[in-house]
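Some structures are shown below for you to check.
Two complexes follow with subunit A in common, the first pairing it with subunit B and the second with subunit C.
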Partner chain A sequence: MSVEVARGRFAIFRDQYAELMRSAFLVDLQYRASIAIWLIWGITEPIISLGIWWSIAATGAVEGYTREAFARYFFGVALVNQATLSWDAWNIDRWIREGEMNYRLTRPIAPIHEAVADNIAYKGPTAAIILTAWIIAAAFWPAVRVPFEPGRWTLALIAIVLAAAIRFLNGYATGLLAFWTTRATALVELQFGISLFLSGRIAPLSLLPPQVVEVAQYLWFPYVVSFPVEILTGDVATFEQYARGFAGQLVWLAIWMSLYLIVWKRGRRHYGAVGG
Partner chain B sequence: MRRVRRTLIVLRAFWQLNWLEELQYRGNFIASLLGTVFWLGMAMLTVALYFRHTEKLGGWEYWDVVVLLGIFNALAGVVESVLRPGIGHLPTDVRSGALDLVLVRPVDAQFYVSFRRLDVWRLADVVLGLALAGYAVAQTGRSISAWELLAFVVTFAVAIAVVYSIWVSLMSLAFWFVAVENMSALFDAVFEAARYPVSAYPGALRFLFVYLIPIAWTTTIPASALTGRLNPALAMWAMAIGVAALCASRLLWRIALKRYTSAGG
Partner chain C sequence: MPNAIVATELSKTYDVKVRDPGIKGALGALVHPRYRQVRAVDNVSFEIERGEAVAFLGPNGAGKTTTLKMLTGLLFPSSGRAHAAGFDPWTGGNAFRQRIAFVLGNKQQLLWDLPPEETFRLNRAIYGVPNAEYVKRRAELVELLGLGNLIDKPARQLSLGERMKCELAAALLHRPEVLFLDEPTLGLDLEAQQTIRSFLGEYRTRHGATILLTSHYMADVTALTSRVLIINRGRLLYNGELSELVARIAPIKRIELVLSVPVPRSVLEAYGTVAHYAPPRATLEVPREFATAASTRLLSELDVADLSIQDPPIEEVIRIAFGEGDAASIQEVPEESSEEASALVRTDARRAPQ
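== the complex of A and B ==
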């Protein structure tokens, strides 16, 4: 393939993406009231956890976590969770059940790109809203201020993007199991439940029993919420911690990417055989 | 009186049809049961995690909180089996104009919309939740007096009334905000907070849950009855709140319904 052809293909791909993102954003804008509700829904879990830990820490720090540290941690969770949430399995389930997958398969661009564009168009603005709320809260409430370190924030941003990619591919690949079973979304919910603990959504990982943390190290869960949050709060500080975190993210990104490719290839063939 | 009887006859016919329909999906029963057991397990682990780092949660011991968790699950079962499939469907009906078909029926619209469906399999959540509450009460080593049991039954009924009123109120908003299709997510969001005794929250949140979004009355009060924390005055207050919530939501429903102009309007 000559350079010009490659460049031409890239330009087409870029234009397709821009168009997908534009239309996803316009749809979101139309449903802004619904999105506000999803935002509220998303932040209640960290608020409730913070409320409980705040009360528990009334008598003193919990394993080093003061009330203020909990507040910073769960503000971080609210932000990272919003930016990395994965709901595509439910869309895929509907696409396959109601036949909406059919016309998506005839498009020159794989359905996953529509989902990616959808995710970017949704998560960018909504995460920005939470970030803004955080900044406003920090103006009045010193507890939730994190130190001003642009370098650290840049690394946190990279970690959040990687985390979003892992969680997205994880949810998407699991969701594609809908080609074979009607209960693919249940598998996603199962992982969602486990991630309450292993991702650090309900408490910082260091408050879990050490054996549980040990197991979590070998899974993708800690890298999708806990790691980016702890960069923001300053708990990830040494070079070794950064290296381990980013290495874990890259490994799991590769794993879920491969799993997606496998499931997509086989599932499409399976679907063609049944629905064809 | 005749109107009430007529409504009941219509409902019975609907529930029978429902039952026959559900019987075809027995696989759903196992799936929903497994789901409930899984989420109950996660909830108990969460409580256990809190108790790794504290002796008491808002003055409640571990098994007291589990009593509350069982009640929470039972209430969630009521939501999933009756409210979500029934009144939870209202926004869709308003948008599509399907509500016309309800309004022309000779039954009370609110009553009919609320109780038109019965997702029988999810009733297992109610049984499971109450069983967990009973088991946890046994673990606390307390013996329940007849009065306490009566207080529990009454306050649990109040809890159902409050949850029902919240649903009616939220769903009535659909008449104003026709485009909002996920109003029920608002309920899910705040109801999450009812997993723990209201005393376990900091002051501001506690105020919110007691006075503004009255979910404190849904789980904390019945659980108080079973753990010896309920005094008669509080029980009276709970009943008053239950009645007030039902009346207020009825009023809101009536005002909202006046706005309905069908889908073409």
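== the complex of A and C ==
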């Protein structure tokens, strides 16, 4: 492929993404009330967790976590969770079951790009709202302030992007099981339940029983919420912690990307193209 | 002229889970799942020339949509080969998808909550249509389909007919060479059907596009196509001119009469079979070869105010072809065996996932 051809293709690809994101954003605007409700629902979980740990820590720090540390941690969870959550399995399940996948498969762009654009269009603005709320809260409540360290924030941003990619591919690949089964979304819900504990959404991982932490280490869950949050709060600080976290993220990204490619390729061959 | 679509011994077999009724059946299926193989498309071969418009006819579940889905690359065939727009549909990738359009009358690709204009914009980018070209093509489609006041209304507020017109515009912005249309006029009122028919005819003439269309409306078939493919129970039963099919399967003509002086039914029976008798009107059915002679006799022997000779309605011809007529009389596809012929007289069409 010549350089010009490659450039031309890239320009078309960029244009495709810009329009896919634009239309996804316009659709989101139509559903702004629903989005506001989902946003509130999304931050309710860390707020409740914070409330519980705030009470528990009334008499002193829990495993090194003071009330203030819990507050910072769960503000971080609210932001990271919003930026990385994944609902794609439900969409794909509908596309496949109701025949909406058909026209998507006859377009010269893989359906996954529409889902990626949809994620960016939704998560960008909604995560920005949570970040703004955090900044405003920090102005009045010193407990939720994190140290001004642009280098750390940049690394946190990279970790959030990688976490979003892992959760996205995890949800998308699992959703593609709808090519074979009507229970794909149930599998996602099961993972969602497990992730409440193993990703650090209910409590910082260090507060969980050691056996649970041991199991979590071998799964992707700690890398999609806990790791980026702990970069933000300063709990990840040493080179070794960073290296282990990013390595874990890259390994799981590669694993879920491979699983996506395998499931997609096989699923396409198995597809019954239902509906119309 | 090169072929735009070629299907060679195309077959598609589905494994369908078989389950006995009731709780016992449901539990049994969990322990010992059983599958039955359903051949939705069975050794179908045909060719369509570039610029040709062909109708694909058959009852529900006959295998039309499954064949279309294989030709568009949506479904992988169990066996056989195909080519469309110069590509193998399953390996042609985006270059193939750039050259075709697949419109499903009962599914929409318009963004439901946004005006059709937004879907047009999106498709412009997805198909990489240059901006200047997009402006030109959009203007042409808006004019031909009369979309002027529709494209800025949210798609969900459009009527079915309006939506279908916008669907077609969205699907044709990249100016595909080959159009696969599955029931494009399904459920539309007569005016919308007519608009879509004229539009498709005009698009084909202007751009030399090839059309393979399924429809239950014979007006679509007669207005747009000259050749028909008839499929039933997955097998291709007829591939040829529509007029030839009519002549083969219904070797009669209808003589529509308006009499100045009504005569008893028994008098008319001397000229042919009386299909309809409501004085002063009557319809006679006579063998094709005697239609002219019978008309001459009628005009000279009776007081006739008006007389016309017509083919039987195409709906009736197709209905006969699907299952109620003499199967052997429409044998056209050379490799068909007597088994396929017998498929014609069975009406319990297999329902396969489509």
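Throughout what follows, the second predicted complex is superposed on the first by the 271 of 276 C-alpha atoms of A that agree within 3 Å, B and C clash if a C-alpha of one lies under 4 Å from a C-alpha of the other, contacts with A are read in each partner's own complex, and residues count from 1 in each chain.
Definition applied: a residue touches a chain if its C-beta (ideal position, glycine included) is under 8 Å from a C-beta of that chain, and two chains touch if they have at least 3 such contacts.
Bear in mind the structure is a predicted one, so any value in this text is a computation, not a measurement.
Judged by the touch definition given at the top, the superposed model places A:Glu68 against neither subunit B nor subunit C. When both complexes are overlaid on chain A, the residue A:Ala33 reaches subunit B alone and has no touch with subunit C.
Judged by the touch definition given at the top, the superposed model places A:Ser23 against subunit C, while subunit B stays out of reach. In the superposition on chain A, A:Ala203 contacts subunit B only, with no contact to subunit C.
Contact with subunit B, but none with subunit C, is seen for A:Ser55 once the two complexes are overlaid on the shared chain. Judged by the document's definition of touching, subunit A residues 30-31 lie at the interface with subunit B and also at the interface with subunit C. Listing the residues of subunit A that touch subunit B in their complex gives 30-31, 33-34, 37-38, 40-41, 44-45, 47-48, 51-52, 54-56, 62-63, 183, 186, 189-190, 193, 196-197, 202-203, 207-209. For subunit A in complex with subunit C, the residues that touch the partner chain are 12, 15-16, 18-20, 22-23, 26-27, 30-31, 99-100, 102-103, 105-109, 268-269, 271-276. The residues of subunit C lying in touch with subunit A in their complex are 14, 65-66, 69, 72-76, 93-95, 97-98, 100-102, 104-107, 109, 111, 113-114, 118-119, 121-122, 124-128, 182-183, 353-354. Contacts from subunit B toward subunit A in the complex involve residues 31, 35, 38-39, 42, 45-46, 49-50, 52-54, 57-58, 177, 179-183, 185-186, 188-190, 192-193, 195-196, 200-202, 205.
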